[in-house]
Structure formats: C-alpha cells, structure tokens
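Next up: the structures, one after another.
Note that subunit A is present in both complexes that follow, paired respectively with subunit B and with subunit C.
After this line comes the complex of A and B, so read on.
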C-alpha cells in the first residue's frame, strides 16, 4: 500500500511540477489585455458596493485652490466590467451643498447621468457623449472617475520594472477610436500584486506628455487595495487636482433604490452623512 | 593734437591705412559670432508695472498673452458640409503645431456648446458631428446663430465668417507658427478664404520683415550713395575712402557689440544705413580740398590747409551726431538703447577716420588726376557755387523778407503741431494691401475684433463674483461697452450664467437673465463645470470668485482709441459706482496703450537731453552763447516745420517718429556747425561780414548741399520699403536733412546779417562803423 502511494506520488510529481510551473508561467506572462482588465477590476470594481468621502482640491499654477467635497456611493450590478451605479452628494463648496449627481454606467454604451440643482429644484439629465470632459472642473475626466472599457484600446506591454519599490507592468494603451479621446496614448505602471495603477502618463496628439496620474497612497481596506490618495496633474498648464478618499467601506449593502431620482432630490441621510 | 595726427597720417599714409585695416580685421573676426533677435517682444522691459499686472491677470484667469486669430470666410456662407469639414480639418492640424497651446484653442470644433435637447442637457464641441442633410444644416445654423456666446466671437452675424482663436506659447515665434498655419491652409481646396491676424502675427512678421528689408536696403542705399558721390567728385579714390570709412565704422561698431555678446535686434539692423549716411560727413573735407587744391596746386599743402579749416566743424558735427544717438540710451527700450549706443560709437569711429584714414588715402592721390578733376572747382567757375552765390545775395539783401517768411512758416507749423495725434498702431506699420492688414480689416469688419482689452472687476472678498447684483452690474457695463462704436464683442461670466439659465429652462428666451439668488448662480457655474471645459469659465472668473474678467474685443489697434474708451469707462464708473468693487483694465490693447506712453515719454526725455547736449556742444565750439543759439535756430526751425507738416498731413506721431526726432537732432545740426565755423574763420581773414557770408554760402555751402544730397539719396530707397515705418524713416530723414541744409544756406545768413551787431562786436563792425555811424 505504501509502495503504491509512494509510486503514485513519484509518478504524480512531474505533473505537479508541470502544473506549478504552468501557473507560475501564466502569472508572469499575462497578456496586456488581461492585465488591464484585472487592473480595471481592482481599481473600479472592488466589493459589491462602496461608500467613500472624497475630498478634492483643485490647485492652479499659482496655488489658488477650489474645494469639492462629496460622498460617493457605488454599486456593482454585475460582475467586474459590467453595469454600475454611482451616487454623488456634494457638501462643498457651501453654495452647492445638496447638489447631487447620479450615473448609471453601462459597458459599451453611453452612461446616463442626472444632476439635481436645489436652487431651482430641478433634476436634469446630462448627456454623456464626452467621457473625456472634466469632472466638476477637476483634472480628472468622467472616465478617470468611473473607468474606461478595456476593449476600447489596444494594449501592449512595454516592459516590466520596479516603480516606488513595487514590481509593475508598464503598459501602453492606444485608443482604437482616435477621435473619441483627447490624448494619443497612455502609459500605465500597474502593480503586479494589487493591479492598482500606480502611475499613468497621458500623451497629447503631438506626442507630448500632457497629464500624469499618480496613486500616492494605497491602503488595504477590507482586503481590497484602495488608492486613498490620488493626484492628476496637467503638466502643460501646471494645474493639478489632489483627491483623498476617507471613510472608505466596501460591501455596505447599499440598496438599488438609492440610485433613483427620488433620492437625488432627497439624499439618503443614512449613506451620505 | 589734431594737427599732429593729420601730419602723421599724411606723412605715413600706408602705415596708417594698414593699421586701420588691421584693427578693422580684428573687429571683423567678431562678426561670425552674430546672434540675431527678431522678437519685438524683447523690446518691452519685463519690470514695468503694467507688464507685471498684465502677467498677473493672465495668471488669475488662465489667459494667454499671445493669441492669433484665423478667420475663415466663405462668401456663400460657412454652413455647408464642405466648409465645416475643412474648418474641422484645419483646426485639427493646427492643434498639432509645436508652440500652439492646443488645450486652449477655441474654434468650432473645440469650443464647448451647452444645449438642451428634449429634457437632456448636452455639452459637446460645437461641431462634433458634421451636419449632412439640408435639415441638419439649417438646424445647426439656427442653433449657432442663436447663441449670443458665439455670435461676434466665433461666427459673424451673416454666417459667412468664422474664427479660430489660437493661443501660442510665450517662447514661440508667431511668424513661424503663422507660416505653418499658412502651409496647412494652402492644402485645403475650397471656396473659403483664410485670414490670419492677431498681435503675435503682426509683431513677429514685422520683426522678420524688418530684418529682411534691411538686408536689402542697406546695400542698395550704400550703392546709390556711392554712385552719387562719384558723380560729385569724379574720383574713385575719394569714393573708396568714403566707402571704406563707412564699412569700417560698421564693422568696428558691429564687431564691438557682437563681441560683447549683444544680440542684433531689429532696431540695430538699421544702423548700417545710418552709419553710411553719417560717413558722408567726410564730404566737407573733400569739398574744401578740391577748392584748396585748385588755389594752391600742391597736394600736401592743400591737404594741411583743408584739414586746418574743416577740422573744428568736422569734430563738433560728429560729436553732436554721436550725442544725439547716445541720448537714445536713456529710454526704457533696450533695443533702442543699443541702437543709439552702436551708432554713437560708429560715429566716433568715423570721426577718428576723418583725421587719420581719410587724409592718408588723400595723400596717396596723384596730383595730375586732381588737376584734371578740380579744373572747374572755383567759386567763380563752379556752377553750383554760382547758384549758391545768387541765393546768398537774395538771403542777405532780402533778409527781412526771408526772416518774415520763416516766421510765417513757423507760425503755420505751430498750427500743424497742434493737430498732431499721438498714436501707435502696429497694424498700420504694414502697407494697406499687405496680407496682415487685409486680414485684420476683414476680421474686424465681420467679427468682434482682433484686439483685446480685459476689464477686471476686483473685490477683496471671496465669492463676491457670485452675487446677483455684481453680475447684473457686469451685464449693464457690457451693454454700455457694446454701444461704443469700436467695441465689437464682450464676454463675461454673466453671459455664461444667463446661457445656463436659459438652457435649463427649455431654451426659453425669457430665461436669458441673471437668476435672483446667489445659490442659483453658484450652482449654474458648478453645473457648467460638470458639463463643459472648465477653462471657459476660468477665463472669466478667478478661483476664489474675487475677481471677474470682461473680455472686450476691439475693432482697432489704435492706442488713442483704447485711451478714449478707458477715459469713457472711468467716467461711467464714476457715475455708476459699485461699492466694494474696483474696475481695472488690462490686456494687449491696454498694454500697447501704456507702452506707447512710456516710449513717447522716454523719447521726449531723450529729445530734451539731446537738445541740451547739442546746445552745450555748440557753445563749447564757438565759446559763445549767442553763436550757439544762432546756429541752433536752423535746427529748431527744421524740427518745427517737419512736425507741423506731420500734423497737417495727419500722420500719427508714433514710435518710429519719436525715435527719429531724438536721433535726428544731432545730425540736423551738422550743417549749421559747418556754416558758422567756416564763416567765423573767413570773417577773421576778410573782416567783411557780407563777403564772408557770401563766400561761406558759395564754398562750404556747396559741401553742405553735397552732404545733404548724399544723405537724402542714401535714405531715398527706403521710400520703396514694404513696411511703413521704413517709409517714414526714409521721408523723415530726407526731409530733415534737405530742410536743415536749406535753412542753413538761406535762413541762417539772413539771421546773421540781421543780428550782426548783436553777434559780432568788434572786427567787422568797426569797418562799417565809419560809414554807418551806428552802434557803440
């Protein structure tokens, strides 16, 4: 019996090695598309839902600031890469307090967006045909906030290198539809372990560096690596936007009903508080 | 001292010539290091307060100092798929040009348009999809022409002209970018016409053109001058001597400045023409030499006597010239300073050559040749001298009439001067039919205007610019502005707030008003920043909402018009004040206006300094205050007459003229110096005022006329230049030299004869005393 067991182990060993090495191999040689897909999942889809207080600071070249403080609720309706809903409540600046904003995000199709303007008690739908336009005047575009479909670009691995002490994939993404974006290509440094993009460089149509994104602080929150401090800098105008995520929580059990016009007008106190 | 230098040069001519050529060679070795700087922006001192304030305004509102305007016009209207497609293509190509600030280019395909379609608020580039069908095109046209944010700025009322506003980097050269844009335009085949205008295009094209034209006109001027010189003296050696003096002064001065690492600015590029003209001062030496040689027949003695006679006037006339140019150095504009010092140094080189190189070359001339060419050179046989003699008689015997005519002209000129308009307009530095000027004109006729003024409403508290009453005030101020004939279009944060209000209310026209609550205004602006590019608002209101910017497009580049508008605004603001808010102008139009003033004041200071220096040198020369004043009169007369004329023909007193006035003083006085010096010498010899005056008119007078003609001839080719400041320089210099020669020959003798008792105590007077029986 022991002999049989022994021989099984011995016989199985090469297969075991084979499987192991295959696993290791595939890990090391992920195709670029797969890296981006995983990165999108890690960055935009962790948990079934998320709640965070987002503090945005818009800083001009000469140091003048504007503040946007908001609560962001996100819920995944689908698996990663699928449909999502966002609810945003603004605290600051004080005169826009109680403004709310909602996004229904669909893969492969324009989002639906609604904005509530309390001063005239009006909910307005906003067309979303330009995902590259600025989000609340910041250097982040809508797409930077809610993600860009991995299939919209052609990705290629440029190299693998250490970045800020982390092993990263350096990936170049060239948009398939050149006319739909304000840049010609993007280079991302993606952490091999967490798949969080640590840095992104956007190059303009002339091939000159234009915007730089950095994840300045990444924390594990409920086992999800989360970029709690981020900066997007427009290197051409020297304008930058600094973002801090506070009170981040995943899997809160936010109900679907929150993402509706009713709640836009009457923000759910439980969540936005 | 002067005498010993001349003696040495005449005794060792070859050594002196070789030595001078060697020094010239040394200066010449510096020339290949030449650095040129065609950028007229560098004329502006970086530290002037208006410039600093302007820079700040640009920073507050994310504005750009240099913006080009590309006008696209289709006489059939631009609303057709072909034209719209080409607008899109051209814009796309322009965005790729190095130096263009692509993110802030504003045109049909880059400007954000916020509109309401159904219940959806839509923001997208105005021309995001080219309309194809007739219905689509009509709808698009109606939409564009119905948007007050666009009409006058991006589309003309008649729908035939559109514009692309192209900001460029401060370090970029407008002319180079303009050329690249032109290459893009040429590729487009269609019925559209393209017009490129705006400050950087005008300025930088001017800079490049100025250099080009100088490269052409310097040699042409030189050639014409030397041909005329040859016709006057019929001797190649003399022409060579003069040419060599001109070249050496150019090489020494250029070599020195290049060697010191000073870049050659557009202004300095004019210095060769001036130095060539100034070098014709040696004509007085040749002129006298021909007469003396004819009298004496021996070259060496004639040469010494000539130098003896003319050395003092040559010395002082060159010194006054140098002083006139050096006076430019007190102005604020660096290239003008460098130009002044460069020509002043060159003039001193010419002075040095007059006592060394020129006599040395003359010492090498063959006596037989001289005999042949000086055959007619005698007051009695020379035709020119004969005519001058007649003129002299007229001047002396009809002295009262001459002086009265002069006074009459002077009074007339004062009326002319009163009409002088101090103004500056860079666009008019190009000729009427030039590309730059046509582009500017077409754009000003059809769109809001190519020149920009910013009116910054400033408060000291945050969020003031969100208050309804402040926006209402801005709105009414805009209403006032747009009633002014030269204001084409105004744009402010109020316009955007009104637009958003309307769009949010189903595009109903009655909602095109400022909302009543501050919250609504703040939320509209916030909404705008969620829908469109933030820069559209950033250009109009600063980050803390303390300041707002009203962009005023002007249809003119005239500094006087800006000045009047700002005066009017001041009184408007005084009548309708807004507590806690100040109104301050900025922008290129205001900047040009203030700069214009600074330049003129600088030049006025230079003018006064130069007058004082010249008068001082005159008094030093004659050791007499009275004679100093008397010889200053022809210059004074000339200047007044020319300004009077400038006023009568309605030419603006602009920057080129103000610079010319200062430097011309030192040159225009030269003739009077020659005249008075030689007259005083002659008076000592003959003791008869009348004879001495007639002799001076006929003999040194011939030299003066020769010099004036050469001078005028040297500047005459500039009249054919493509840039109007050169034409001005050409005319102005010709007029000033000829007029000052004529006043020196006609007016000055009449004055001297009339005031002889006051001027000349002693010698000559004693002679007449016996007969006239008057005086002390």
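After this line comes the complex of A and C, so read on.
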C-alpha cells in the first residue's frame, strides 16, 4: 500500500513541477500582458468618444519646421480593445486644407481608410500599412496614432523603476511577426497609476535605439489622464515630431453617422470647429 | 510693357496672398479664404521646342457658412503666354444647404464618380483631357458643371441625384497646341452642334450607394449624351464641312471597392447604351459597349504604394460597324483593353514624392508614361517636374499624341 502511494507520489511529482512552473510562468507573463492591455485602454480608448485639436510640429535636424494642424474625432464602438472609428479634418498646411480622412479600425484585421480630396470632390480608399506608414509625414506611424493590438507582441516586465518622479513598469514588447514592423522590439515605461506610457524606446533590426516617444505633459481631463504633449524623436536622423492636443473633450456624444462618406465630403462643422 | 504690368500684378498678388489667407468667424458666419499662385510651363520635347503651355495662374477660394447654409467659390485668373491671353475661370461656385437627412448643392461644381484611377467608367461629368496631357495639376482634368445635386441619406441606402440642364462637353487636345492625327485634316470648315438647353436634354445621373460586407458598393444610372463629339461629314463623297455632334447616351453601371489581402480591390462595370445607334450602323456614332475595370492597390513597403488596373471595352454590333465604316478609316478593335500601373514612393518625411504612371493598351499597342518628382519645399511652396510621353501608331488613342511628348514644371505657392 505504501509502495503504491510512494510510486503515485513519485509518478505525480513531475506533473506537479510542470503545473507549478506553468503557474509561475503565466503569473510572470500575465501582468505584462495585462499592463499593456490597460495601457492601451488608457491611451487609445478613454471615454466613449473623443474630440481634440491636434497640432503637429515636424522639426528637421537643422531646425526647419513644418506644421500639421488637424481636428481628430474618435469613437469606440465596443469596449476597450474593440472596433473604433476615426475622423480627421486638416486645417494646415494649405495644400491639404479641407481634406478629410477616415479610418474604421478593427482589432485583428486590416483597417478601412478613406481620403477625401476636395479639389476634385473625390472620396478614395487608400491602402496603407498602419504598422509602418508615416502618419502625414511625421515620425509617428499610423499605429502610434491609433494603437497596436496588445496580442501582437510578447510582453515581459524588465523591471519596475521611478521615471520622472512616477513609479513605472518597464516592459519589453517583441513583435510576434517580426516582418510586419520596422523595429525589432520596444521598451515602455508605463505609469503604475495612470497606465499612460511616459516613454517608449524603439530599437531597430540591428538592436540599436532609433525612435523615442515621450509623453511630455499629462493632464487629467474629465477624469481621464491625457497626454496633451507628446514627442516622437528619431535619434538616428535627429528628426522629431512634437504634438500638442488642445481642446480635448471626452464623451461628447458624437454620432456613428459622422464616420461616413457624407461627412467626409461635408465635414461636420459642429465637431471640427 | 504689357508683360511688365502682368508681372507686377502677379507679384502684388503674391505678396498680398499671405495676407489673404483667412479663417475667421463673424457673427456666427464662418469665413475661410485661401488659394494659390502658380507657374506652369510645358515645353514640347520632340518636333521643335515650342511650348504647349506657359502660364501663371492665381486662384482664390472663398467659403462662407452659416448654420446649415454655405457658399463656396473657386476662381482662377491666369495669363497664358502661348495663347497670349489673360483669362478668368470660375472653376466652382455653389450654394449648399444641409438638412438632417438630405443636402442640396446648386451651382457650378466638380463631381467625380467611380473607383478607377484615371479610367472613367461611371464618371459622366466633363473632363479636360487637354489639361491632363499638357502637364497641369491633376485637379484640372475635371471641369465644373452647372448642376443641381440632391443627396439623401437613409439607413438602408444613400442616394446622390444630379440634374444638369446645361450641356458641357469634354475638352480634347486640339491644334495649335497639340499636333494631332486627324482623318479629316483637309476639311477646315467645322461646325459644333451642342444639345440645346431644354427639359428633354437635361442630363440626369443617379448614384445609389451603401456599405455591403465591408465593401463600398454603388449603382449608377445616367441619361444624357456622349461628352466626346461624333464627327460626320456633310457629304461622304466630297465633304466640304464636318459636323461635330453629341449623340444620346444611357449608362447602367456598378462598382465595388474594399480591403482585400492587405490592399484595396476595385471593381467597376457599366453598359453604355448608345441610344442613337443601337443597331451599330451609323459609323459616326459610337456603338453600345460594355466597360469594366479591375484594380488592386497595395503598400509594398514603407511609403511605397503600387496600383495595377486592367480594363476593357467591348463593342456590340461589331459586324455592322465594320460594314458601315468608310474605307480608309482607322478601324477600332471589338475589344479594347487598357492597363495602368501607378507607383508612388514618398521620401524625406513625405516631402518628396516620386511617382510613375503608365497607360498601356495591349490591343492598340499604344501607351502613355508619366514620371514625376514633386517636392514640398515648405508648407506653402511646392514644385513638380514631370513628363508626358506618348507612343503607338498614329491612329491609336495615345499614339495620335506621339508628337506632343512634353516635360512640365509646376511651381505653386499655396496660402
């Protein structure tokens, strides 16, 4: 009887170890995924909708500036992590004035995008890879503007440290599909309290630092922590893009119908002014 | 002296233009003012070194809106050195009224329909092909029409209905700017007979559209005229005069566009019902046709996009066409095919754009190539350098323009 019990214990032991190690592994892994998920929710999904005036300053190495002045509307169709719609109206520069741009963003699927060109009164669909394409010629990619699925990377906690007086998680995110993006991995400093990424470092395929994102000013707007000033700097070319979010408002009650061909052609004055 | 006055005038406009740019709100009326000053020069690069185009142009755009009403005007003033004229062109001028479920637009407006890139199947609105071939910016390919437009937005479907009382034809490349193949070159006397403005001749266009399974789907119906003239001699045996007229046309079409394989797929088709030549036995009038296109566009690497299109035109009653075609006339194919390729690469934070566009017809063996470099020098100033290269037999669509290969330069200050 004791022999039997003994052999059961001996036989079960490896399974025990396996189960324990699996638990330990997933516990170490789960928080990183969860932190990123919460960070994405805090940064890209606050409120049911958002309206903001966005001023982008594109600055070259030798200090030459270009301006992109636009109004951005966003609406969440589902909960955080779900489908979203974006509407962008351009004020400046003059060669894109009155252009509008619309994105229907789907998790785990290619976005639908439309551009309206007022000079010929044409709405056209555009094919653009959001993982790489530059957003209006800035240092930000489309993905930096509208978010990246948390499940597209493997996340791990590198450490926890204070950054600019805030307690942060430092998370390394390695894309599962290496070929889909221009960087090899990303390190993010995520505020433990607000879950806003305060800094992100992008490393190129050779493992060298090439892009750095910083949230330069975070304000509470309608109880949502909002990065109202952001910078993306390409440290290899010394080109940078400074972004200011003004007149930010959440839960405005922007209707679904705004994100349609009708309003692409005739921008909704009520929302874009 | 004249030139000097013009130069001073343009300089004045240039200096005042940055002051003119405006975005204000006065007593609830939002007013916006903008425009550009542009130089556009196009030397011919074969058969002599004359200019097809050499002009300076000033455009002023004014928009004013108050609650649900808005007015928009876009007016050009230009000096054309080739034609030696100062001209004035109201590109657009319309009034909008926006309601909850419907909108109305009345006045001169530019309308663009269909999903093709420079292939127009369900775009029944006038175009200026001369402008396109002489190296003007793309927006000049489209002409405004004096029309009434009514839009209705319902949950199940949206509708765009257009009524055009005044006939406006396409502008085709013609001498003296263009050297062009003309089967009737010995007949100098030509008469253009445009449809009269009356109720019966009012052109109607309808588009019904909605999203179906992630695709933008549209249906089109048109009743009006061919916008390219049919040509008929007064007397076949010994012609003394040519009559250019615009036969009646009805079109029934559809298009679909959506995301497929990380790119954009475009499908479009239409049946062209040639109302004045259903039997196909009038050699002057184009027979009924079926037209279609398939296009696919995809970003292949960062800021590089490629688009390929294949399109076809199938002529009905081809036997009748061949039988009635006067001897010695260039014969059209029963099935005309056209392919296009567009490559676009953005560089230097999208301030530099390299692009290449090619038309190639496998049936006619004719082609047109448009390489272009465009650089945004500042947020206000851009320059483009490009070329229009034509080739093929002189009786083909692009081949007839073979002697007009050109290089174009555009310099535009926008405010």
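Assume the second predicted complex is superposed on the first by the 240 of 273 C-alpha atoms of A that agree within 3 Å, B and C clash if a C-alpha of one lies under 4 Å from a C-alpha of the other, contacts with A are read in each partner's own complex, and residues count from 1 in each chain.
In this text, a contact is a pair of C-beta atoms (placed from the backbone, for glycine too) under 8 Å apart; a residue touches a chain by one contact, two chains touch by 3 or more.
What you are looking at is a predicted structure, and each value in this text was computed from that prediction instead of being measured.
Visitor: A:62 in the overlay: touching subunit B, subunit C, both, or neither? Say first, second, both or neither.
Guide: In the superposition, A:62 contacts subunit B only.
Visitor: Per the contact definition in the header, classify A:93: touching subunit B only (first), subunit C only (second), both, or neither.
Guide: In the superposition, A:93 touches subunit B and subunit C alike.
Visitor: After superposition on the shared chain, which partner residues are touched by A:120: those of subunit B (first), subunit C (second), both, or neither?
Guide: both
Visitor: Given the touch rule stated above, what does A:110 touch, subunit B (first), subunit C (second), both, or neither?
Guide: second
Visitor: Taking the superposition as given, does A:176 touch the first partner, subunit B, the second, subunit C, both, or neither?
Guide: It touches nothing on subunit B or subunit C.
Visitor: Looking at the overlay, does A:266 come into contact with subunit B only (first), subunit C only (second), both, or neither?
Guide: It touches subunit C, and subunit B stays clear.
Visitor: Does the superposition put A:136 against subunit B (first), subunit C (second), both, or neither?
Guide: Both partners, subunit B and subunit C.
Visitor: After the superposition on A, what does A:101 contact: first (subunit B), second (subunit C), both or neither?
Guide: first
Visitor: Return first, second, both or neither, reflecting whether A:206 touches subunit B, subunit C, both chains, or no partner chain.
Guide: first
Visitor: Residue overlap on subunit A between the subunit B contact set and the subunit C contact set?
Guide: 58, 60, 66, 93, 95, 119-120, 122, 124-127, 129, 133-134, 136-137, 239
Visitor: Which part of subunit A faces subunit C closely enough to touch in the complex?
Guide: On the subunit A side, the touching residues are 58, 60, 66-67, 91-95, 97, 110-112, 119-122, 124-129, 132-134, 136-139, 182, 239, 257, 260-262, 266, 269, 273.
Visitor: So in the complex, the part of subunit B that touches subunit A is made up of which residues?
Guide: Per the stated touch rule, the residues are 59-60, 62, 95-96, 98, 101-103, 112, 117, 119-125, 128, 463, 466, 504, 515, 517-520, 522-524, 526-527, 529-534, 537, 542-544.
Visitor: Mind pulling up the subunit A residues that touch subunit B in the complex?
Guide: Touching subunit B from subunit A are residues 58, 60-62, 64-66, 90, 93, 95-96, 99, 101, 115, 117-120, 122, 124-127, 129-130, 133-137, 204-206, 234, 236-237, 239.
Visitor: Touching subunit A in the complex: which residues of subunit C?
Guide: Where subunit C meets subunit A, its residues are 21, 23, 25, 30, 34, 36, 65, 96, 98, 103, 109-112, 115, 138-139, 141-142, 151, 153, 158, 209, 214, 216, 257-259, 262-264, 266, 297-299, 301-303, 305, 346, 349-351, 376, 378-380, 382, 412, 414-415.
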